[in-house]
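What follows is a set of structures to go through.
Presented sequentially are two complexes of subunit A, the first with subunit B as partner and the second with subunit C.
Here is the complex of A and B:
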């Protein structure tokens, strides 16, 4: 079983490798976004040394780290699932001897690893040449970040799967997918770190799963969290990983029994 | 005038097709609204931590954003060229267009327009109005006329750049990612350009002049004289870039050989 899924990761990785040229423009786009937010936040800081516990340097690092992490956790599984439901190929997937959703997860993981190695790492290097950012040297902190980032990936894909399988009930959910993407970018702390929202909004955002995708991993590395602060962050992420399984399983069970293949 | 009659006919057809799938229509509308709301949330949250962004107050920045939405909405309604390469080159629809006696670009524009995006003009107007409510603005009688000229100039800048980028497909049928790259540069024009480094300011002014779509005209309308000359140049820059776009399109059409078989 594990061998099969490992194979899925490998194949997707190789598939991505075949089209690697497409990723150079991706690095440029992410760098442009980092640049835009870098200048905005620099202007916001003005002369102020530190806002809400972030120094200007930490803020710049946060922007770079959170965008390059997005390259790893971001995927189009929601759209893939919705498309396969709409054109009916999902029916074929059901009779194959694997778990459809798990295959999607591992494919995206292969994709994520590809982008982490060939996109985020060189991108980070490029960005650190242009903008003043400060990354920690080699040490345990990178391992902690990797764990937190991985959990962020899992939560993101769970949310993607949830939105994707809603296509069983809402036949055309293109608009919903777009809206979801923008909401996740905002509420996950990618564009604004959660600590910068007004207090009441922070309460709401901390009760939602989105901050566990981007904000928590980025804070782990930018603020060099350790001890209970670190385990607290990872604990929240792990909790969401488990909690989100419930609605997915419920909707999935219901959906499989009410599957209507459109057209054909 | 034939063109306008055609535009009207295309519009009627479009509405019929669109209303057949009402949910799409509504969801598109809400998605647009959502993205605008999210950008506003960003500005509001940011001003929770500072009084000024590069010397601009909260409502001035909101005004600039609201202004930007108007040319942007007009542009996205009529120059919806994102899928051009797939639809017209790879699937060969351009061959059909070329056999008809109306300019190819006009046909392509009419076939791919999305007039529901014009709702953005209203949203932009409301956002601007909200900002103006809080700002001591004193407009002369000719400022509304200038406003219209600025908007048209801004639309022409965007249209020129995107028509030029789209016409790359006419020379080579391989997919290029240059459009999303330029789109992301475009978002720089929504904020005061004086917060960027000199190189970026230069690019946004002369190379990919997105500052003329949002910031320069809006700063004039806000009564700031520092960029007045640039604001007045908006229609000129628009005309120049639109001509460039049109020129590269026409050359591309002459050069177009079809995508095989």
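Here is the complex of A and C:
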């Protein structure tokens, strides 16, 4: 079982290497984004010490950390699932003795680790040379961040799977996929930290799973959360991990029984 | 235990119908009308281990739907189904370890990766022990002659090369039952013959049961002793290939080219008492239809020559499987 999943991760590494150009252009795009947001936020701060509990230095760190985290948790598994359903290749997956969704999770995990090691870590190093950001030194905080980031990854992939398998019912769900991507980037706190939203919106966002993908892990490291603040954040993430299993299982069961294979 | 056992196996699909025009489209937004289509209608099928069975039918006859139920991809609407002793859909993960599948129109190899990477992944997926995996794979590589393809990405292979790799993939875990859905589609004659030979070999050596759907009746004639014919979701014939030919082949035709023009009645007189039919095709060319088994070709020819008809050329024609099948569908006959 474990060897099979390890093999799936290895295969994904190979596939990422087969598409090197994507990888290089990714580095460029992420650097541009970090740069753009960095200058935008410096302009907004305009020399002010602190806005909504974030100092300018923390804000810069937040931007760098949350984009580099995105490189890890982001994947196109929703699009892959939807495409496989639409063109009927999903049938091939059903003749294999494994759980299709688990395979997708591990594929994405392989992709995530690939980008974390070959992209985020060197990228972070470069960014810390160019922009004044403040990262904690070696210590427990990195382990806490790793746990929080991993949970963020799980929640993101659960949402992706959920949107992807809806293609079983709505065969053309391109629009839904785009909307989801925008919603996740905006509501997860990637573009604007949750603390910068109006109070009422913060309440709404805190009741949604998206902030648990990006905002919570980033805050853990930027604000150096500890004790109950840290466990509170991780607890919210863990809760979403469990809650999201329910709709996935329900839709998946229904989908398995009503599967229509496109194109013969 | 039977390899495949199906009783009253049925699959229905819900398809929605769109109403006409713009107002119809608006009404469709609110409530859609559904229509039930029965793709497979209460078919009974039993296949013994080691049999090679051809499963034929026109497009849309329900072949693919049946294969998808037999492989556990689709859940049957009703009926009993046991394949290799399992309920394919309910016990899918255990069941699929015992079968191999080749979809001619879909690749199961990883498109961007070298062929051997796919093999290695599948070894882990099926948890095949190394000491069993290596000799088996090596043999298939030799027989299918794919050694030099192993380190090439699948997208660079030709269709014939890919299909040989697909076959190796589907047999990597030594399944006792192999489903082939259009395995020779788009292949040239030589590759087709190689693949047929390979299938005959594994059937004989490993007693692998093979269920084959194809539009190429050459495959069926070369491989299958038994055919199951499907039409509009119903099985209309299940039995011997030879019997199908005998009963539906309309016998044989002898085409004669003669040295001079004969009157039809003159020719008919030569085969007096035999149930054959004469027909004039062109100048100097006549055709004799020799039906079924009641009369043999040499007997007919013997008589014609004995009567002194001067023959220049002679051709013997037999209905191909293709013609037989076309005839059955055109006439919409039910066989039993």
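Brief remarks on what is shown
As a convention for this text, the second predicted complex is superposed on the first by the 257 of 264 C-alpha atoms of A that agree within 3 Å, B and C clash if a C-alpha of one lies under 4 Å from a C-alpha of the other, contacts with A are read in each partner's own complex, and residues count from 1 in each chain.
Keep in mind that, in the parts below, contacts are C-beta pairs under 8 Å (C-beta built on N, C-alpha and C of every residue); 3 or more make two chains touch, one makes a residue touch a chain.
Small disclaimer: the values here were computed from a predicted structure and weren't measured.
In the superposed model, A:89 makes contact with subunit C only, not with subunit B.
Look at A:253: by the touch rule set out above, it reaches neither subunit B nor subunit C. Touching more residues of subunit A than its counterpart among subunit B and subunit C is B. Judged by the touch definition given at the top, the superposed model places A:25 against subunit B, while subunit C stays out of reach.
By the touch criterion defined above, A:134 lies against neither subunit B nor subunit C after alignment on the C-alpha atoms of chain A.
By the touch criterion defined above, A:226 lies against neither subunit B nor subunit C after alignment on the C-alpha atoms of chain A. Of the two partner chains placed by the overlay, only subunit B lies in contact with A:44; subunit C stays clear of it.
Subunit A makes touch with subunit C in their complex at residues 3-4, 6-8, 11, 14-15, 18-19, 88-89, 91-92, 94-99, 256-257, 259-261, 264. Those residues of subunit A whose C-beta lies close enough to touch subunit B in the complex are 22, 25-26, 28-29, 32-33, 35-36, 39-40, 42-46, 48, 51-52, 172-176, 178-179, 182-183, 185-186, 191-192, 196-198. Contacts from subunit C toward subunit A in the complex involve residues 13, 64, 68, 71-75, 92-94, 96-97, 99, 101, 103, 105-108, 110, 112-113, 117, 120-121, 124-127, 153.
By the touch rule above, subunit B contacts subunit A in their complex via residues 21, 23-24, 27-28, 30-31, 34-35, 38, 41-42, 45-46, 48-50, 52-54, 177-178, 180-181, 184-185, 187-188, 191-192, 195-197, 200.
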